[in-house]
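One structure is given below, represented as structure tokens, and several questions about it will come after.
A, B, C, D and E are the chain letters, set down in written order, and residue numbers restart from 1 in every chain.
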């Protein structure tokens, strides 16, 4: 037995409810953190940062946010792109309006502003449920994009409506703008992701998280046992939008450096993040990471294999890439409908029993 | 009559027609939702795929030519024949049936009794796959689709209304054809689902896969049936939209225009799709026409959703949707 | 109304096995509930006293579950008043009712399928947890302390109901009978004044019913919880309850001690069929 | 009451099956049953013993819950049906009434009943049977136009049973028919079972918690515990077995005891630890 | 070898435009390699990378190719261009965006690494108005001009210029945005039907073009009064409308058709040799020839650079100098087999934008071909130059860039 929990007893409730109750997992986690913070920054180059790590970290933040709303609280949202746009434009206005304030606070404030917008568009969720709720979030998506496109104040009256991130530093090192070193981008996003994931974990294991899950699993019963649906739904919208706003701000300021609302924060973004959450696993923190990794890495990986190694024409490779991604999604679902996170859990369960089948 | 009123009437008429076109796409969604509770994200791609196949067959394109050429270094593209429109449509319908069978065989069958969100997810995978496959099969360039549907201003209506009101209304002939087709589809599908045994089975499946299985409803049959019909509806939508704009990737995005229609009408209602379409069509056109110039235009996308949202706040299950059962 | 019901002393009495029945805790006055054309409840009045076990019985579709739904505020009756602890209850949302100390189980089990047994039971205590979102986000000090305190209470209930071994199992996988027990645990976790049970023994065999009875009696005895239960097993009803309300077609056809009910001809005709031993 | 005549041919035979959910959870650990044609066979056992799982394994519904029969075989009229799909099975005459009602919520009660007749062709027959179901369950006639989702628990149970009767099956797998029904109705349902069994020769395999009633109406019975058959025999034998009496019928030597007395002692004897 | 990446899009919503452009760009370099053995003896390698017109994929493509010694980028997308401007500036790699991208990049004093000669959007807008002035005897007073535009950064580019021009020439300008992708334009065209503008200009891309032309034909808007920017002037845009599109006009900054000697070479060295980049059905189309034009300019810049540094191997910063020294003379164009194909120009350190002249072409539906109906028309530099200065100055201020070339 390679992987086991026997001999790993818990004496207190607190120990029992820790994030990684099994020692093996815990060790793995510490190693991963050590590598992420201590090793990767020294090895990373522009390509790995811009094509893989930074988008992965940012999408993971967005996926965490959406997972709170959709995975934990059961409210389907297709407004992620729009809320990311709020984060991005808020960050842009703050960056250009208060150039002396540290960018970290801009990013957090952008999240806060997005949270307020999210709550506003979350209001209809009290009456509208299930897929129908998607209409409210889609209204947010399209309206917000339209707004940022139409009102020149948001893009400081630039000719084409593009916004550009000026250079901003943390501890004297640029984290936005053209001269940012790859490792600085990466670390900045990693730190924020770490904080966000930690908050998400705390919220989802406490009473707020249970309220969300109760609403998700059976809203009527939840209300009858004492959950205030208004407060828990809106708090989910707020927290989720806070995260997504942060992701939007980073996406624009750190990753892209320049953005145009319709192109960078269109409906496709909403779908993409939703796919990440579902593929990764609804209601799972790990799933948010897995989903983001899957949808960021797989295309890059496939492209490199098909074009780089096999030398196929780019268009054919792009089409076949789509087919492979589609087929993989379906295959995973058939193997395990509850996402990569559940696949991982079942694998662990099997490992625990190994070498016995049951 | 005052000018503004005439314009308003013209815009309303055109809004109605546009609504019919949205409804055609929404109809496909409704069918599949009704029969399995699946929100079929792939419906738009299905329309694209159908249209691509239709054009490909019509023009005698060699399917997978690009792939074949890339692998074997050949240079084949066309068979060199041209298939008449009617025959091509029939062949495409057959292809869609085949597709339905494959979808059942490789996707749905393995996902019986899963939650809606998971089935939704599967259709996302399907959408990716079909999008890639459509491109590999027929190429990603823009293609002209012509099955002989007349286009352009209808002279008869222009003349008639000119004589009657002193202002000739603009109505696109294509829209008139689309309306006729949509009405036929809606009526026959409504009759089918409301009054036939299969129709009842369809609704039963949507409610509870397991219970449906337990009374001997063959999910396979029901699913192949509905996906075939949905494929056919997608073909019709693909023809109408493809005739307007050529067949290319963006065709799959019309699904986004169908979403508010669907929600407003109710996911489960076939007549709802058409009524929803009409309301959205008229609403967004009037708003864009009169309010658009004041606030910068391009309002149609969000306005359609806001309109649907307003309706939903009062009727959370859509205008004609089945009431969401809330009981403990 | 039977004679027995009318002669009850207002301040309560002591039962044969020495339990104290207190004054009226909840009173339903002339409740009428309609769904479109369907009249689910017609002009029903009855009361529930502190510390008693009150049964509601009646044929299928009589309106029993609907009555519980009225009590928990999920259905709003067209007519009638609900009195709780001596005051008329204003119109209220279900979650506010829960906060007043009324917990319940459901006829078609309504557990949160995506959560583990432990988490399900913890939801029962939501009404009592009050750290705010910022404290929970940091998970430091108060939030964590609060979690531990409540966890301890919940573990007591888990021990009490003998479900330790499934603590971490997702409830979706449990067999029916255990689900019912988890639901009871969730309701108990709320430390309610009044506990409403909708067919707690359905789908159980005798042994399991006995277990369930034991839990109900213990709850009633040890915590002094007032219990209103709907049940079709006459053995259970007759043995457990202090007083029984009988409903048929939305109307009340009997109210009194088990013995009164057993011999009530209207009840025998409508429900019992044969006179039960 | 007739008990299982030994001459009856076996209609359904379950041979030593093993069932695993989700590739990891082993639930049935070798269950064998044989159901004689034209008899009522009861499947008894506590919560989680695996009764529902056994029935679902037979009717083919297991796959839809991500369960698999990994060992053993299930023969119906000598034909292996372990891999069959439920629709074909219904055509062969086997229908299951699932535990927990499973009505089609959005369909009306009458439409629910009519879907039961999905596999049948003759409209006249269907109309006649509908009438029959309404005679069995007058309450359903009153509620026929209501959406099933809004009917009471017992009404849904009646609908589910009525729906199965509508398919004119040869064999009915009944999972906890008595759950949530008023006592009068429980008797009535079992009377109907007996009547259908007598008159039409329909075979029943019923999983029940209500051992008392089940053993009064069944011919033979099996007792399942933790995924294994621990006892089998004619209903008569089972009824008289002292262990069954104590654990499943709630009788002590002194007859039925009061539920109030359960607090004083607890039994924990089991066939299997 | 010299590496010139081709960030193309052969999938996604704009594949119909991306395919011919990418084919033209690649085929021209293949021609040079096959016929001349490359440039100055160095073969040109053109690694292709699919962006699907998506900015994030564009970034990925840029990062994955820049390590391989990429000399210059040409991403054919306004969105990606904006992404890459700061990046190429930091990495010191030139970017060439002929006829698209950021207009004010024409100011080399601020945008050191970006080139957009021979013409940009503002030039296009101005040329279109100039043409209309010619048509109307120099007076547009009281005329109504509507702009139907893709509701994105790209589509919004000409608005500033057109507003200035409307003030100057006294025409009224109405703006009609169309949301991407532009399948549905009923309202816009009903508005046009109501407002009856004298002229309609269009800044569209992808399916939007075809639908607009179709709708214009539907409401019987006179096609000769409908002028598209060069990106709205491909065969794909007019074909779906059939005869209805007859008479539609579009701008172009290079020649049309296949009557240029270079096509004979392309046929011999590339097509017949089986070395073509795509399916081969795009040759000679409007967007194909634009891709080819871009490749030709890049090739000439490389040649200029090689001559200047005296070595066949060159670096990106050297290429920038070459781009700034590039002189495209009529003689040279004729030598290249493209006589009069583009307007001659001489770039400088400050001038990255070229002369900005463009021609008007018109669609002949029966012959299925474009005909040039004017010669090169110069834009109105009096109006444009201050706008360019203003916009680039704002960018310089925001990014703390010091002016160069002074």
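Quick notes on this structure:
The working rule: a contact is a pair of C-beta atoms (placed from the backbone, for glycine too) under 8 Å apart; a residue touches a chain by one contact, two chains touch by 3 or more.
If you want to know which protein each chain is, UniProt gives these names: A = Amino acid/amide ABC transporter membrane protein 2, HAAT family; B = Amino acid/amide ABC transporter membrane protein 1, HAAT family; C = Amino acid/amide ABC transporter ATP-binding protein 1, HAAT family; D = Amino acid/amide ABC transporter ATP-binding protein 2, HAAT family.
Just so it is clear, the structure is predicted and the values come from calculations on it, not from any experiment.
Listed here as common contacts of subunit B and subunit C: A, D. Steps from subunit B to subunit D, taking the shortest chain of touch contacts, total 1. Within the contact network of the assembly, the step distance from subunit C to subunit E comes to 2. The chain pair A-C and the chain pair A-B differ in C-beta contact count, and the higher one is A-B. For this pair, subunit A with subunit D, the centres built from the Cα atoms lie 48 Å apart.
Averaged C-alpha coordinates put the centre of subunit D at 75 Å from the centre of subunit E.
Each chain gets a centre from the mean of its Cα atoms; for subunit C and subunit D, those two points are 29 Å apart. Chain geometry summary: the mean Cα position of subunit A and that of subunit E are 37 Å apart.
Of all residues in subunit D, those touching 2 or more other chains are 25, 150, listed in ascending order.
Among all residues of subunit B, those that touch two or more other chains are 66, 135, 140, 296, 298, 301, 327-328.
Those residues of subunit E in touch with two or more other chains are numbered 10-11, 15, 19, 151, 179. Under the touch rule stated earlier, the contacting chain pairs are A-B, A-C, A-D, A-E, B-C, B-D, B-E, C-D. Of all residues in subunit A, those touching subunit C in their complex are 13-14, 17, 199, 202-203, 205-208, 210-211, 213-214, 216-218, 220-229, 235, 239, 283. Interface residues of subunit D, counted against subunit B in their complex, comprise 59-61, 63-65, 85-91, 95-98, 102-107, 111-112, 114-116, 118-119, 147, 149-150, 163-164, 167.
Against subunit B, the residues of subunit A that register as touching in their complex are 76, 124, 127-132, 134-136, 138-139, 141-143, 145-146, 149-150, 220-221, 224, 267, 271, 275, 278-279, 282, 312-313, 315-316, 318-330, 333-334, 337-338. Those residues of subunit A that touch subunit E in the shared complex are 46-47, 50-51, 55, 96, 149, 158-162, 164, 166-167, 177-179, 255-260, 262-264, 266, 300, 303-304, 307, 313-315, 317-319, 322. On the subunit B side of its complex with subunit A, the touching residues are 39, 66-67, 70, 106-107, 110-111, 114-118, 120-122, 124-133, 135-136, 140, 256, 259-260, 263-264, 267, 295-296, 298-299, 301-302, 305-306, 308-309, 312-313, 316-318, 324, 326-328.
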